[in-house]
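Dropping the structures in below, format is structure tokens.
The two complexes that follow have subunit A in common; it is paired with subunit B in the first and with subunit C in the second.
After this line comes the complex of A and B, so read on.
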């Protein structure tokens, strides 16, 4: 545990020099998205009728979903190129290898940093979406840890996989065929009931849908205890499996 | 005839009058860079092909989901059109922008800083302006392929209502050119990957607010005037008018605006790449960095031909 924190502090040292640019995009990104999609597009949707959304304004429907999907995006951004780059380009892992850190410490330390990044940007998002008046209830406070869990459910397994790669090409495939369709078809921008029946089970199986459903039910103040626990369990299992696998794949790649 | 010159320990071939002219016009060097990229992407074809799918996913998501939620909106001619017909040309413009920006920022930065591609390119007779031209040429070729695929899908989905849509592909390429040139200029100022947060910071609002997803009339008057200045908005308007058939001579002005922006970016990025790769190296003297000398014994002779300290290396004009 002590060693994990040490590996984490290495990333913290790096981040202390670069936090400015990332904080800007964490603040302005949500404002842009909520402004354009929530208000701009929302004005068209609300005019047309919101019965399909359960009678809430489009902004209230959309904001928690973007919270979950931006947690996923942050998780992916931190666990793909940075992990691969740490062994290939800037060789942070190679340096860490020469210290008393074990490969599993390197992994957990980096994962801790990813959790910190996801939490930070999700926190900023929740604050901004509250300022926009999107949440319908105080339960939205619980949506924050749920969004972080969603992010980790992606970051932990992806980092465990990224370390095994020999070139960076598969990341493009993950972004194009993984992240983008997930973002578009996981009930983020429109309710899943509009998908064709044969596509729906596929959408229900994706981790992002569980994150979106979880955050949305909390933000709208309609928590469904049993269903939400199911979502949490699904995401936790995914994150746990990633953490388990990560210690192993890192050991295989970094053990000398 | 001018003499052979050495820059930073690098021998450059003599440049004749004709050669100067040809080089300043770009010359065939740009094509060589394009060939190099084509060969590299043979091993990464999946990356190339996957770019086709991204806008298609967006189009599908609008067709299946958002379109139903939004219903009909006012099109360019004022008539109400289904939402997906409204959004499709916007998505084409956005994907041209994104493709060009991605190619000209992330990829070029990687080649500049990590792959050191241009260091080796400039050890050949190729000049910085040709690098700029070759990179942008490659980005445009890629953009053409994507725009063609997207337009065909629009046609198959019945989202095209005018024969003017044949111009959609060249216009999409023009949008790509404009953003590739601007993006490349920006990349030459970047210091680290963190600076790319600023690229996203610039392209996200363009993507979201340039009347891509909803008509400009949603905004208050002042904001409308501001948005009208963005290159993406101009591109979206041209494409939307072409696919819905509301074509007028005003479109030529909008296209000229994009072309001028692109040409300015191309000129500037050529200068910047030259500065980054040649002049900075030329200022390194053998005393400060002896290990950088490839041919120490030849140095005294070559050094006479270096531009005196403080003068910048004469750059070929575009």
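After this line comes the complex of A and C, so read on.
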């Protein structure tokens, strides 16, 4: 644990250099998104009745879903190129490896940093969506840790996989054929009831849908205890499997 | 601290990558305070051996003890007492010189105050004090190397491991690095280094091994190796290409010592170069050019590992 914290602190030093720009994009991103989609598109949607959305304004429906999906995006951004680069480009891992840190410490320390980044941007998002008046309930406070869990459910396994790569091309596949379809078809922008019936089970199986459903139920103040626990369990298993695998893939890659 | 305290001991050490055996059962001992060199062509198994000593590569067979501990079980504790200068710089080029040492010192769990003090001393030592606040990116190759050396000393290591410390540097920069390493040696720091520069090995190493195909082709001090595998002097002769081959054949017959025929030159390994040259002329051979020089480690190296290209 001590060693994990030492590895984490290295990332803090690195982050000190770029935190200003990263905070700005964490602030402006949600404002643009909620402004354009929530108000712009939302005013059109709301005119045609929102029964399919559960009778709430489009903004209230959309904001918690964007919270979950941007946690996913942050998780992916932090666990793909930065992990690969730490062994191929700036070689942070190779430098760290010669110190008392073990590969599992290097992995967990970096993951801890990813958790911090996801938490920071999710926190900013919750504040901004509250300023927009999107949450319907104080339960939204619980949506914050749930969004973080969603991000980690992506970051932990993706980082464990990214370390094994010999070139960075597969990341493009993750973004184009993973992230974008997940964003589009996980009930983010429209309820899954709008999808053809045969497609719905596929959407239910994706991790983002669980994150979206979880954050939405809390933000709308309609927690469904059993269902939400199921979502948490699903995401926790994914994160746990990633953490288990990461210690092993890092060791295999760094101790050759 | 006794003269013969063993810091690293290897017995039948083996490293395999799949079906390829990079290190084929080597034995060696490293004593406190000495500078020990691994020489060899690319692919000889030097870096694999270094990585095993650095506890970042588990041995495939044999026995390895470092500072009295097992590198697989106690890797973290051993690494806390090692300094490593890897073949490629692993500095964070977007951080400043000072921040690089800070980050690294923190890996070892050193308190900030101690890191600050050591950073001042180390930057002074590698002559980078006036660049302390600069980013690493624009530094020259030689400066980056010196910074990497400073960084490797942040934990005041018992053993400093250097993998090709001056590869890729220009002659001036190499001499500065050698000078610093020589000073470290004088201070009693134990050095292990790999190199394929013979002058580097001759200048820095008390003892060295020549590695080839994963085994030791020879070991000893630079002087011992030259005495054993070379001659005091080498006579280099160049003949007209037309008669080169024929002359080489005849010279081989008449010289008592070893001769080596290269594409453009003939090397005669002799006791006394001038006398040998006189003898060659007496026998009626007139070389286009001739050069008498001392036998060097490079002659030993080429003799032991051959002149073929490794890769």
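Definition applied: the second predicted complex is superposed on the first by the 255 of 256 C-alpha atoms of A that agree within 3 Å, B and C clash if a C-alpha of one lies under 4 Å from a C-alpha of the other, contacts with A are read in each partner's own complex, and residues count from 1 in each chain.
Note that in this section a contact is a pair of C-beta atoms (placed from the backbone, for glycine too) under 8 Å apart; a residue touches a chain by one contact, two chains touch by 3 or more.
These figures come from a predicted structure and were not determined experimentally.
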#### Entry: subunit A as common anchor, with subunit B and subunit C clashing or fitting
fit
### Task
Could you look at A:145 and tell me whether it touches subunit B, subunit C, both or neither (first, second, both, neither)?
neither
### Query
Who does A:101 touch here: subunit B (first), subunit C (second), both, or neither?
second
### Query
Who does A:176 touch here: subunit B (first), subunit C (second), both, or neither?
first
### Message
For A:230, using the defined touch cut-off, is the partner it touches subunit B, subunit C, both, or neither? Pick first, second, both or neither.
### Response
neither
#### Entry: Contacts of A:240 with subunit B and subunit C, given as first, second, both or neither
neither
### Task
Have a look and say if subunit B or subunit C is in touch with more residues of subunit A.
B
### Query
On the overlay, how many Å separate the closest CA atoms of subunit B and subunit C?
5
## Note on the structure
Note: overlapping subunit A surface for subunit B and subunit C spans none
### Query
Can you list the subunit C residues touching subunit A in their complex?
17, 51, 54, 56-58, 75-77, 79-80, 82, 84, 86, 88, 90-95, 99, 102-104, 106-109, 152, 155
### Message
Under the definition above, what is the set of subunit A residues touching subunit B in their complex?
### Response
18, 21-22, 24-25, 28-29, 32-33, 35-37, 40-41, 43-45, 48, 52-53, 58, 89, 169, 172-173, 176-177, 180-181, 184-185, 189-191, 194-196
## Note on the structure
In the complex, subunit B touches subunit A at residues 44, 46-47, 50-51, 53-54, 57-58, 60-61, 64-66, 68-71, 73, 83, 114, 192, 194-195, 197-198, 200-201, 204-205, 208-209, 213-214, 218-219
### Message
Residue numbers of subunit A touching subunit C in their complex, please.
### Response
2-3, 6-7, 9-10, 13-14, 17, 90-92, 94-102, 254-256
